[in-house]
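Working notes for the structure below.
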């Protein structure tokens, strides 16, 4: 497995399992001189922490972060920043059925085959949602760096199951006004009722997360394979439970026509802008001066308390009932994960773009 | 720009501009001993060649490929395979307005800013659709390698604008029966009429491409950032004009519930399978024994013969009419590009997965 | 800084400063199914631990390693192995002159310029010899993996200052018979006296470390840039204080002639071997069936208790006397570091080589 | 094989075999806006061209380079620069013994094993010295970029067999005054006689190449694995026939003492310098304001016209006489290769270093 590193200059390497000693991330390539305190990171982690509302797992984890390296006297030093979150709520218990049965919708089966029969089955091991702690801790650092040059990133819940917030109904100031992080309290209330009814039915649901970024310099992203939107797609789909991603109008653009979908340019006081933003802030895979907009489709939580058909490790047909503490919908807790992966991707492309022209090279070395 | 390489072991590096000397790709990491002839690659390239139907540009390019290295006596040698396609139809012409005006929907503006004012504006330069020649040439090689171990990849047009082929109406044997590569000749006919009406109106449209892969070993993909679906998302969104991607039920899964979306496992004659395949062939980002299914949303062609508002290189508001030879819809020609990028991604992950367990290591070295 | 990761498949990422919270490494890409206990790693770390003899610093560090992830029930799981060594002996003290003066022979000055004036000066920060803890911990894991398929790696002290062990005087069984890890106790005694005399003179010395590896399969290494010897050169020169590296006869080969330097092949019982081994086990950058042999030149310890001329952070000419606990020669403690970097390089190339031919591919997937 | 790419931002990917269609390189990540003409590259290639003196092979190759992409109106555009050199002198001949016998000192044997028996044996295929054409073409581009910010790189022949130029006898203005590129015409004459005597004896010799670089900004190189000297070591040892590398005093430093080997700093008119330069321009793996100095040990040419013992492809003991056109010493032609690899390494680290501090980041984005 070599897939635990993301990014080329601002590079993050995550590690850790749900019920091991801890979870962490090493951030290599963060520029020196950024103000960084544990609290900056803790604030991000607290947004994904379990136990925040009736819709999240009762698992009780403080998820306290420790900065192990890379920061001296409150500033990053340019050396790797190692962040550690100890696992705490690992009560000894009977993992019996999880150890021997493959849970539908989970990674148990392909992990077992891939790794020659060896698997840390406790709580999903490496494929647990706790894996995202490393992403969020890195996202906090990336966001701080972006903020220094005027870039802001913000994610929120666009839809829970069939309940969605239309573009014209978005109120950014309501995002933190409900436990679902929806930009519309009324829709959030209906969505909450929907979740409650599913919980009563021992079922689960999914939703859509939208993420926007403002203040991007023009030209972020690298043509061809490392386009801004392509790397965001990888970043976001790499989050467990995400089954799709779209930029700007996305799938709706496939049903539009060129005369409507093209965003005309205009110039005002020497600043080039676009009259519309169907593209969602990228042209040819590079940031284009407009707001960056992406959406991620999140599938319903796989762990449900209903009895399901499955197969055992030894290949026998069987039934499984996944007990334990599970979120009926992971969308609200995944909001900060999408925001973090977006920030990490932008931070990396921002640093990559520094070497794009001799003009930039000479600004640094002459 | 460092974004011209894709893959870790099976690595492809593409180069070339629309109106330069040529377009090419270097494939590094293809295992030795694969039978490979120029014709194998040419067949793939012919599928994306212009001038195949009334819906594609009249630009006349032979797009003949030459193998420059890496093949000896009809077999790959394990060294880099360099493939070259010379540009031919570069008639000298007046690039006037393209040189000085930013085309809406195109990469002209952010390219100019990113590269300090320097840009090969002829035909879009590096951001031209011709850039995909390198991808398709590499896809041909990847597909041959996959075939050797029983993996097949197939893409087709799922929708043109509002005209789509429902899952139950798919006839794989009709894909090559119409110039739109749709798996249903009837829908293709209606879609063709739709395109014709847009052409008459000097407008363009988009669509959806679906790609399936069969015969995958279980466990392809690397947990966390290099998940099979995450890398496919990058691969596919990195194709110009793609604005979204989804795996399995994708965005529809976000509106489903867990009890319906989970795919139960069952075992028959010692083989583990899934009763349904809402997941589209991946669990936890690894291949799971079912068919791999993905869909890409393609935006309408940006080049349209209508007059559009825009801005000039010097920052003045202006109007532009994009003349020249353009496809009213690029979906049919992009089918083989999506198939190629899927094949390249699978080839790389297949080789990566060889080192996943000591069991594998010992199979090779003992 | 993006230089904290080494390797492509077996990838190690190290982090940590001399006087921060700890030092560690994340190993990504270790195959699943390798037996691994903390003791295996501790044994390696104990070989580089300070305080082992009168020739090493008195700094007292237990350097106890903790496995934080990637191992379950005594076996690697294929997920990242995170290893942590807490720093313990961080007595608060006066760092005054180190904070404000650049130590000759140390990284202080270029670090300060590179990172915009920010530097963790305590004990050298990231450029401290303690940085090698991560390398050695990773080397222990790599060595275990190599052992599983019959590869052994062994380093030792070839020379201390002018005192060296000629090839014909090497006794491998004496390596652990002296505190300098020399394969000849007599030479070690003279070298020890030499070191003692330098210590009395508040001076320091360097030496040469030799490393051999046996049991390599033929063909490890990737042609052109990632040749076995090229990556070993990077791996070994990346160790602080190493100023040169040579393979086989190395610099002596530059004074030889072809008829003597070429190693003739011969075949015996179907096994191809070389009659001599001037090449040191590589041909064209690939392992060639003979013993791998490399040597690293280690400079004298930079920290000496003599007064030296230098410059202050504010640019004034000044004098410095480096106090504190320093090794008069770091060669003995660096032996295990060279061995570890060699093992890590071999482990990575061993895994890379698995994908070299369709023959291998079919062994895994058919 | 994935070893054909070098560098992280300024990335070069080489391809091609000795007797295939051609040899080439793709340079990805060269900043836009650099003046670049084919002649700039041709001048470098001409320095390694065969047939320049009586000491080089009679093989007659024009080695004319064609720029296929990445340059528009005389300037780099930031997109990949693809360079092609067609092979011309491929006269059909009898490759009989090379095809069936492994040449001592060559890569034939390990290549055959690595790639499952498949090998382009014509002229050494990929492991031919012609492979360095791609390196030199890339080195020309890197050198141009370095020159723009005041960095110069210069290599020359330090020694041919036992004939060497002592530091105090170096005359840089004599380097091009003899066909061996030695900085001392007298030593060059003796060295020439030595080569002639070996040629008469159907034997060959090696030598040492020294390379210096001036004008480096302080701080190039990335701590730990990607140190300036570590990457230079990889770059230089990756050149075929190089068996060792040293920085500054190198192996001699291992016999020195700290009080002599440490280079004291001093400050003059606000500029920090070192009084001596035993370190060869790097401290802690970063450039330190002094001249960069490295040396590469080159083994004697493996192809000699004497009869040697070897083994056939089918494993039988045999004899081989390597006929054809070979250099009795490759050092003079390798001079520009060492210079090129040094330039490429510096160019990459120069671009990497741009992202080292927030100070730099703000210079670009604010």
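Per-chain residue numbering starts at 1, and chain names A, B, C and D are given in the order in which the chains are listed.
Simple rule for what comes next: a contact is a pair of C-beta atoms (placed from the backbone, for glycine too) under 8 Å apart; a residue touches a chain by one contact, two chains touch by 3 or more.
Owing to the predicted nature of the structure, the values given are computational and were not obtained by experimental measurement.
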Joint neighbours of chain C and chain B, given as chain labels: A, D
Chain of greatest Cα-centre distance to chain D: A
Geometric centre distance via CA averages, chain C-chain A, whole Å: 38
Chain A-chain D separation of Cα centroids, rounded to whole Å: 44
Whole-Å gap separating chain A and chain B, where each centre is the average of the chain's CA atoms: 25
Junction residues of chain D - those touching two or more other chains: 1-5, 8-9, 14, 29, 32-33, 78-79, 114-116, 118, 126, 223, 352, 356-360
Footprint of chain B on chain A - complex, ascending: 1-6, 8, 14, 102, 104-111, 113-116, 118, 126-127, 131, 159, 161-162, 198, 203-208, 218-219, 221-227, 229-238, 240, 243-251, 253-259, 261-267, 270, 272, 275, 279-280, 283-289, 297-304, 306, 308-311, 315-317, 352-353, 356-360
Chain B partner contacts - residues on chain D that touch it in the complex: 1-5, 8-9, 11, 13-17, 20-24, 26, 28-29, 32-33, 66-70, 72, 75-82, 84, 114-120, 125-126
Chain A residues touching chain D - in the complex, by the definition given at the top: 8-9, 29, 31-34, 78-79, 145, 148-149, 217, 223, 350-352, 354-366
